[in-house]
Amino acid sequence: MIRRLEDMTLGQRRAIWAWGFLALPVVFYVSIRFYPTLEAFRASFTNWNIVGRMEYIGVANYVRLAHDPAFWKVIGNTFTYLGLGVPISMLLSFVIAYHLDRVRFGHGLLRALYFIPHLTTAVAMAWVWRWFYQPPPIGAFNVWLTTLGFGQMPFLRSTTQALPAVLAPAIWAGIGFQIVIFLAGLKAIPRTYYEAAAIDGAGAWRVLFEVTLPLLRPTIVFLVVTSSIAYLRIFDYVYAMTNGQGGPLDATKPLVLKIFETAFTHFEMGYAATQTIVLFVILLAISLLQLKLLRSR
Amino acid sequence: MAMKAGKMGFWLGAILAALLATGTARAQVEIEYWQYTFAQRVQAIDELIKRFEAANPGIKVKHTHVPYDDFRVKIAAAIPAGQGPDVVQLFYGWLQDYLKAGLLQPLPASDFSAVEIEREFFPIVQQMKVDGKYYAVPTAVRSLALFWNKALFKEAGLDPNRPPATLDELVDYASKLTKRSPNGDLLQEGLTIDMGGQDHHWLREVLIRQYGGVPYSADKKSVAYNTDAGVAATQWYIDLVSKQKVGQIGFLTDGVTAFRSGKAGMTIDGSFRLGALDNQKGLDYGVAELPARNNIKSNFASYWVNGITTKATGAKLDASVKFLRFLTTPEAMELWLTTVGELPARRSVAEKDANKNHVKYGPFIRGLSYSYATDFVNESAQRKVMMDMVDKVVLKNMPTKQAVAEAAVEEQKLLDGFYKK
Amino acid sequence: MSAAGPPQGARPPGRVRRAATLGGEPSTRTRTMAPGTIAVWTLLLLGGIVMVMPFVYMLAASFKFNHEIYELSLLPREATLDNYRRLFERSGFPRWFGNSLLIATVTTASVLFFDSLVGYTLAKFRFRGRYLVFIAILSTLMIPTEMLVLPWYSMARSFGWLDTYWGVAFPGLMTGFGTFLMKQFFEGVPDDLLDAGRLDGLNEFQVWWQVALPLVTPALSALAIFTFLGNWTAFLWPLIAITDRNLYTLPVGLASFSGEFQTEWEMVMTGASVATIPTILVFLLLQRYIIRGISLAGLKA
């Protein structure tokens, strides 16, 4: 029944190559990512606290989570980070990349300037940003605001302003990544398209909407999905800017911070695992949704 | 015949002696000690290990230190995996967590008798006794005091050598020390307000008691500050921000920074702050006991303790016991005081005249005699409850009484979650 | 991709290697600087300066003494190299730097190889289960590392990988992120070029290595930069996997400036400043490949 290699169709032979390439990676992902994930899934049904026995407690953790008002606040925050972070960062980074792409003089220098924030560590930068947010006369932002005639803002000391205030440095640090990917994507568009459009006499806006953006689709899809995942998983900047508290009054606390707290401050690994599963489901759902909506078929 | 037996006996004895000698010489035990990374603490332990190994040639101590922020993470990962320390330094407030997680074993009563500990060490150490057994002992303790900036005092027309002795004087001085710009921006605060720092200890163990209340019940399992006394104390603290306006939450990001940069007249902080302040060029500061109220004095003490993990057995256990005893000798404590700046945990050492009347350590040591160390089940969570309580009033205008009630409920949940498991 | 492909020109006979490329130089239509362009350029420059300001403040703080860093002035009143001296003399910093460099480089190489291979396979091969494998790999991005570290620790301990370079590196050798990125870029590679390679007698691996890979250099460069960067700044796992101070990576070593009650911010700023140097270098080195891109010369009619 074993067919000879020569009798196999092209497609089947290709499939063998494909699985050959995938063999080692599949083993890797299964053992490094999926097996631990299953462990986490299993742990979510227990009351494990690091040492001591793991006792199965059914869905008690999930019930507890559903009834925890702090959890719902955290979910709200997380989606706010997503809803504000992704559109703002995508728009900003595209505009910058689009114009940067057309600049030839000093292109490298400018690109470096926009990328440097991405190279910095959150701890150090958060310290600097916290000073920017201080009330006058110390905080730069408030000094500008008052000079321009606006009132001063509490920023990190306000339950409404704190989340955007913490999001700002995260966006600031993140757009370098998006700009570079956009630049790579713009570079990959063959000039012939633009030349054809020029022959047609199309203006810059038409070119943008009918040539550039459609051809950037894979890039845009990639960036939307990865940025969404990144903002839903935001942690470093929140931790660094709020001393690990997620405050004031949980106003800035995202889900990953709550997981971290549950796992490494309260040592409630089972409960933390539960929250991780929730995060995983959210991320999976959002990504699948986005992929479906944005696929070019 | 007798000669032969004597010769045999001699050789037998010699062989036995040789065996014994090599036996003991070859018995090298290595134990591991973990603490968090901080230059002076590392220095102190390195020196103590040197002295200990010199006095105990059969024992080697491996000193591992871990960055503070993730000290607990590392321990949480290591110990269940059978790695990690034999002797570990932990914050006294983590004892309950560590016991629940089965990480510590009780100290052998023969080497660490309860009677001796209770006679020699400050009373706060008794919290390390659970079910009649001691699980850990400290080398050093810390307490709180009032720090004041002498230059700013002079500038405000106050006697730079006379700190406030009562809460009323504290408010009075603070008002004089507060400076604002023409449009009301705070330029200098009279007293730092920082619940995320030491203030929540000040509120819990000092202010509440000074207003006639207690923070917790005698069995430690219930919150007891949801009373008129508790509300009054909390209100007094919050008034500093909202009524007298002598301080601002988040001013210069936190209280320490404000005081260090000379923008705060006074601050309530712990003895661990002395090192940093001494290094601050141009800062001329004084230390005083916490202000009293109606002649009631109280203080909060905290300490890091050394315990023996469940990983240590047999020869390692014996070595660990020896090392732990060494760490808590008066000599070790003196060294710790001069190197790290933390106060000796033995009364006899702390209350030596030289220490008790020391211009900087003195107020802390005197405060130790009337200190309480809160029985935290989860210090960071309980601190957050206090921070949120103040934020609710200051940011959301919640009535203080309600905020205190809500905080009591929150904290009770934490206590219940712990004790009733 | 979509309908209208680039005009097919005569293929240069034989040598597929040199011929086909994609992309081009900046897609400007004019070479002279029109006034609109000058305005845009100025705005970009101003924006760039604003972007870089916090970084500059961090650098400035690294040259200040401890008592001065609370003043956010740009120029220190008393500039000092003392922090840098302390940083390099403090036991470990050069070692931490070296460790991070080694691990980040090796990991980046591994990611570039495996992620592009897998991405290519997912983009260009039709086989049953293709979408499922893709989603499965993508889903690996969604579990926060915080939950994986404990199982990884058990695994590493069982295999004796703790306190080894391998132990730090193994979780990051292949990533869903890179695979996703490469897949998207490989989708833009015309199948005709691959078929041409096959017709020339190259096996599938060679088609990937010799034909497809050169066409996605911008993406590879981007991936290299980000993998290196991510690895360079990784903190949680290296902290757990290593206890031997000689094996500390940079972020773990720098964390030791943060104590129970005090953080030596001037040292954090200094350490963070030095830590950005290699990442800046890697970026400057690799960004040329994005600039150069690849030209479509060979496919012109």
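General remarks:
Order of writing sets the chain letters: A, B and C. Residues in each chain are counted from 1.
To be clear about the criterion, a residue touches a chain if its C-beta (ideal position, glycine included) is under 8 Å from a C-beta of that chain, and two chains touch if they have at least 3 such contacts.
As the structure is a computational prediction, the values presented were derived from the model and not from experiment.
Hopping across touching chains, the smallest step count from subunit B to subunit C is 1.
Comparing the chain pairs A-C and A-B, the larger number of C-beta pairs in contact belongs to A-C.
Note: the chain lying farthest from subunit B is C, by mean C-alpha position. Here the chain at the heart of the structure, going by C-alpha means, is A.
With centres taken as mean Cα positions, subunit C sits 43 Å from subunit B.
Centre-to-centre separation of subunit A and subunit C, using mean CA positions: 15 Å.
Centre-to-centre separation between subunit A and subunit B, using Cα means, comes to 39 Å. In subunit C, the residues touching two or more other chains are 150.
Multi-chain contact residues of subunit B (touching two or more other chains) are listed as 70, 73, 252. Looking at subunit A, one finds that residues 131, 138, 264 touch two or more other chains. Those residues of subunit C that touch subunit A in the shared complex are 1-2, 6-7, 22-29, 33, 37, 40-41, 43-45, 47-49, 51-52, 54-55, 57-58, 61, 72, 114, 117-118, 120-121, 125-128, 130, 133, 135-144, 146-148, 150-152, 155, 170-171, 173-174, 176-177, 180-181, 184-185, 187-188, 203-205, 208, 218-219, 221-222, 225-226, 229, 233, 251, 265, 268-269, 272-273, 275-276, 279-280, 283-284, 287, 290-291, 293, 296.
Taken in their complex, subunit A has these residues touching subunit B: 49-52, 130-131, 134-138, 146, 152, 156-159, 243, 245, 247-250, 264-267.
Taken in their complex, subunit B has these residues touching subunit C: 36-38, 64-70, 73-74, 77-78, 81-83, 252, 256-257, 260-261, 270, 272-273, 275-276, 279-283. By the touch rule above, subunit B contacts subunit A in their complex via residues 70, 72-73, 76, 79-80, 97, 100-103, 181, 183, 185-187, 196, 248-253, 378, 380-381, 384, 387-388, 391-392, 395-396. Across the interface of their complex, subunit B is touched by residues 65-67, 70-71, 149-150, 153-154, 157, 162, 236, 239-240, 243, 252, 255-256, 258-262 of subunit C.
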